[in-house]
Amino acid sequence: MSRPDHRVCDELRPVRIDRNFVSAAPGSVRISAGNTSVLCTASFVDSVPNWMKEQEGGWLTAEYRMLPCSTVPRCERKDRPDGRASEIQRLIGRSLRSVVDLKRIGPRTIYIDCDVLQADGGTRTLAITGAWIALYDAIKSLQAVLPPMELLLRDSVAAVSVGLIDGQARLDLCYLEDVAADVDMNLVMTGSGRFIEIQGTGEHATFSGEQLDHMLALGRKGIEQLTAMQPKLKGVS
Amino acid sequence: MSRPDHRVCDELRPVRIDRNFVSAAPGSVRISAGNTSVLCTASFVDSVPNWMKEQEGGWLTAEYRMLPCSTVPRCERKDRPDGRASEIQRLIGRSLRSVVDLKRIGPRTIYIDCDVLQADGGTRTLAITGAWIALYDAIKSLQAVLPPMELLLRDSVAAVSVGLIDGQARLDLCYLEDVAADVDMNLVMTGSGRFIEIQGTGEHATFSGEQLDHMLALGRKGIEQLTAMQPKLKGVS
Amino acid sequence: MSRPDHRVCDELRPVRIDRNFVSAAPGSVRISAGNTSVLCTASFVDSVPNWMKEQEGGWLTAEYRMLPCSTVPRCERKDRPDGRASEIQRLIGRSLRSVVDLKRIGPRTIYIDCDVLQADGGTRTLAITGAWIALYDAIKSLQAVLPPMELLLRDSVAAVSVGLIDGQARLDLCYLEDVAADVDMNLVMTGSGRFIEIQGTGEHATFSGEQLDHMLALGRKGIEQLTAMQPKLKGVS
Amino acid sequence: MSRPDHRVCDELRPVRIDRNFVSAAPGSVRISAGNTSVLCTASFVDSVPNWMKEQEGGWLTAEYRMLPCSTVPRCERKDRPDGRASEIQRLIGRSLRSVVDLKRIGPRTIYIDCDVLQADGGTRTLAITGAWIALYDAIKSLQAVLPPMELLLRDSVAAVSVGLIDGQARLDLCYLEDVAADVDMNLVMTGSGRFIEIQGTGEHATFSGEQLDHMLALGRKGIEQLTAMQPKLKGVS
Amino acid sequence: MSRPDHRVCDELRPVRIDRNFVSAAPGSVRISAGNTSVLCTASFVDSVPNWMKEQEGGWLTAEYRMLPCSTVPRCERKDRPDGRASEIQRLIGRSLRSVVDLKRIGPRTIYIDCDVLQADGGTRTLAITGAWIALYDAIKSLQAVLPPMELLLRDSVAAVSVGLIDGQARLDLCYLEDVAADVDMNLVMTGSGRFIEIQGTGEHATFSGEQLDHMLALGRKGIEQLTAMQPKLKGVS
Amino acid sequence: MSRPDHRVCDELRPVRIDRNFVSAAPGSVRISAGNTSVLCTASFVDSVPNWMKEQEGGWLTAEYRMLPCSTVPRCERKDRPDGRASEIQRLIGRSLRSVVDLKRIGPRTIYIDCDVLQADGGTRTLAITGAWIALYDAIKSLQAVLPPMELLLRDSVAAVSVGLIDGQARLDLCYLEDVAADVDMNLVMTGSGRFIEIQGTGEHATFSGEQLDHMLALGRKGIEQLTAMQPKLKGVS
């Protein structure tokens, strides 16, 4: 069974990264993989959530939303993040927090905004990969007022989806594949090859331990390639 | 008193128009004027609002929102359009409806989505100017299923802001000027030079009839230049 | 084409003004024009909005709502002000703020409440004309604790609607005319004849510069008559 | 201990009833008792709630709200009825439904709107007394399309408050008494002297069976006087 | 006409009381009467509502909700308490506040949570009877940090429903009777026999003074029996 | 480092299962593991979500909420499911849908309600384990109107948490361990040993492939023990 865009099973879609995409945020990236495209920005705000008021350091939070024009047919604007968007923005936030030393940024909140411009599958993992670059760029452009990059960012973060379709594992699903997949897995890893998050879901089917191993191997390979496209952190191997 | 970007009083900011900016909507335009930049899309949805159910033809509605990363400092996402956004999206909708023959589009709704990417003053007027192009492109790309363009679109629409600062009228205010203006006027006109909407507001000062006339003259001139950058409608002079 | 109530084109509806209409607010006016009737009150509250906390002086804000029984058929109560009500209450607030010296009222908020008792067209302009009287009466009844009237109120404010029906300009539209109008204009002016706000909208038609001038002339005339019915401010000509 | 307005214990406040107060609703009454004043309207809407769709006849529902200018200091507009308003409007609705034959009005909903213009205690009971008159007037003005009054309205309805202050029972409490009362009772009765609703609450104190009997006697007397001021239903004694 | 569960008119349903039902709240009771079952808990929170900030002592508030699985068919979760739930939780709160000396508990709020596990009529009165036991247990388990029980709790509280069906008064209605009742009365009384709250409602019928007296007598009898099942307060007769 | 309750690393907490816990739902289970306790019910409702209207078969959805009294200190009732609750109820729904043949249940929705009575870690996994039993019991009690159990339920479902604390993997974390864990993993599996969902999250640390394998092994062992406590499905090995 061939893939809609004729890729082989372990092949990523072509990736394009446009840094400094908007001028108001210190870090802003439009990242595209095939027909999926997300605008990721990182901004620093001089306050922290109420529950953190008595603690040292700062916080990082993420918001994820799809623009109405990102899908066919047009999707409605949501009053609040719905269940799916809420899950995704919590995932983005957790993933980035795992590599940032928030104790060192002072009483500030880093806002990661991920607005999907075009949706063709894999928006959440692409958002994570792009958001890390936006975060890197924001820290870099604020080096005058922040501690050195190498003290703030422990590692890079990238993410990719893997799926099981008719028993076959595939890397980086597009929308048509996403809908057809029996099992859908999202993998978030550091540049140095450690896991941050594994989310494997079999709504239409269950999966064996062997299939799990195969999907993990594909995902690892994809993440290595994405990491290579991200800016390189000094002192992280 | 010189302008922050050294323009003369009746000079527009440089305009850039990127058509076909996203792939999912049949019409999509990123329009920029100086540092203000708006993503405008036009989509057709096969249903009409409830109150129209028993009427012939279709409807056109607009939504306007600022992306959080469009301002410094970051602005919060609004659950719903606030008072300002609500006013603006009603204005955009009215302005475009005045030149479309909605009776001819069948039971469909045209959604105009205007998402501000960068905000430096004049987002609502720029959104109108860009949205008309997105609408034109959407109709053009759907000519196979819609009546001919010249039956659907009676005229083009463009808009611009004018302000009064220390008694001096200025065209196309940037944010710094917007904040300082005593009187703020938004002008929406057709390509053939007729008025669609005039909104002149003097919160910090009142204005005389003579000053009104001067602002109207400046606005007309700017709109003529914007019209020249838009696609040309056949049979409209 | 004669008007539903047989007025000539430049004739206002009969106006009735009942001051001190309710006892709890220091200024309260029931103002009627033909079958349109609005209860306007002005109250002082000893606090300011959060965004003003660090600034000198106070604020004035307006709320506008239609009572369910003001229309046939009954209109539903809105959970929040909808788009239209939101636009109107922002207009009322801006119009009155343009003549009040809020720096002098201390850390207080003036609330203008406009509740429509009967709706037959022109509720927003009638609300402005009545609200100014309520504001005047509130300031007068609080002269013991406020600066002198002439330091607080720079001018009077009145408003009226004008419309274009089949090419003919008419003053002070009733509901039937409002619905039929091609162009709808609301004019807010000071007692001394300066403009505060012009809102001209052509949803069903566009309009020429000449038609604009004619509508402005009619509106000016109507506002002069309304001003004559309002209390007279000392020292304003 | 004398009362703030020097009434004796079993004396009502002076009542004023203005019928046909607004023109859009078929029944509309401004009813005042001392400084409390409520605008009560009754309107017929040609639809029924969803849960009634399969049932014969119609429904009656009530809405109660306080205008912001009805109290000192100004009270905030509520987005939705809060707990108190919700209780009150359910009480008003139940009370009137007990005397209307809703089976006979066809698939219609009668809306009773009670908007408090001035609040000085006893707004809910005054609203019931006034709403019944508005309902009577609405039915009367729609006799051309409705069954005869005597088939629709079984009886009249009036209501009054009674309280216990320092062990002393008092009729028709004003706000100052309401706040001071140990026990607060609202009584709704028919013109023919039967009970519709008794709500006796002792938040600050409990009360004995004897005290209950005394309060009921006072309330009955007040309701008889209110009934005498309402229009008389034919055939009800 | 016999009752669905063959009780005589003045007979309560069998009552079961499980104290210490959950471990996190200092007082927690599952109380059942026939097929109605409510989980009542009492917790102390170290803060008070904003409006109490400047006052001495604390507050007691109640929340009432039905679990979706408590009815056939399943009832939907409510975003907020609806009108009915709002009325009920206000009643529960008032009833308990009438016997607690809140001045003595310091700046704390006692939360009473009543979650209906099974609904077969009489949930609000059963909730009150159970909530008082939860409150008693909570105070008892916190005697180390609170004033002595006899200073905090003046009396016990119990509640029961009475109804009029076809002219016959019945005690403690189950759901089938509740729906059929012409008059529905809820009675809240202290252990020493004084009234806290009387709510008698005749939506489907009105009732005479004699019928009122009969219902009150039945209710008193039921409350005496419920009081006997509650823990005994020292020094209250 | 010993565990707070002195278990060994691969030891579950003691489990208690009370079936038929409430009478209104056809399946209802109170399941406890140590101090965590959840009320799980399964109900059939005779309608389907709008988006399913044109499809064959039915749907299964889950709602998860914590009762306010389930934690110390008391947690506030949420108006709507917050981000966390939304994630959890989506997980519960997906997990159960993976083993139910919804095509065969007709146009019905199965509601799974999980209300946490006591929260001491692991509420979401315990809810899944208990909800499957409630679902089994509901199907069993409705066998008269549903297809045979073995056609509807393909397999059983159980879930457990695993964590990494100071590099050590532990099964079935209690709250104190949950808070201290560097990595938190939730595992949902079928009775026959296949994966339904893996969610491994390292907010405070990242984890290696070897650690992942160890956690998976512990989880599998726990799920086997939970499966043994659930009712046995005929024909599933």
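Order of writing sets the chain letters: A, B, C, D, E and F. Residues in each chain are counted from 1.
The rule is short, and it goes like this: contacts are C-beta pairs under 8 Å (C-beta built on N, C-alpha and C of every residue); 3 or more make two chains touch, one makes a residue touch a chain.
Everything numeric in this text was worked out from a predicted model, so none of it was measured.
Q: By label order, what chains touch subunit C and subunit F together?
A: none
Q: Go through the assembly and pull out the chains touching subunit B as well as subunit F.
A: Output, common partners of subunit B and subunit F: A.
Q: Looking at where subunit A touches subunit B, is over half of the residue numbers used by both copies, so same, or under half, so different?
A: Shared-number fraction above one half, so same.
Q: Centre to centre, using CA atoms, which chain is the farthest one from subunit E?
A: Relative to subunit E, the chain with the farthest C-alpha centre is B.
Q: Starting from the mean Cα coordinates of subunit A and subunit E, work out the distance between those two points in Å.
A: Centre-to-centre distance between subunit A and subunit E: 52 Å.
Q: Can you give the whole-Å distance between the Cα centres of subunit D and subunit E?
A: 28
Q: What is the distance in Å between the mean C-alpha positions of subunit C and subunit D?
A: The computed centroid separation for subunit C versus subunit D comes out at 34 Å.
Q: Please set out, as single numbers or ranges, the residues of subunit F touching at least two other chains.
A: Expected reply: no residues.
Q: Reading around the ring from subunit C and passing subunit D first, what chain order results?
A: C, D, E, F, A, B
Q: Give the list of subunit A residues in touch with subunit F in this complex.
A: Listed in rising order, the residues are 81, 83-84, 86-87, 89-90, 94, 97-98, 155, 190, 194-209, 212, 216.
Q: For subunit A, which residues count as touching subunit B in their complex?
A: Its residues touching subunit B are 22-25, 28, 35, 37, 39, 41, 43, 45-46, 63, 65, 67-74, 77, 79-80, 111, 113, 115, 117-119.
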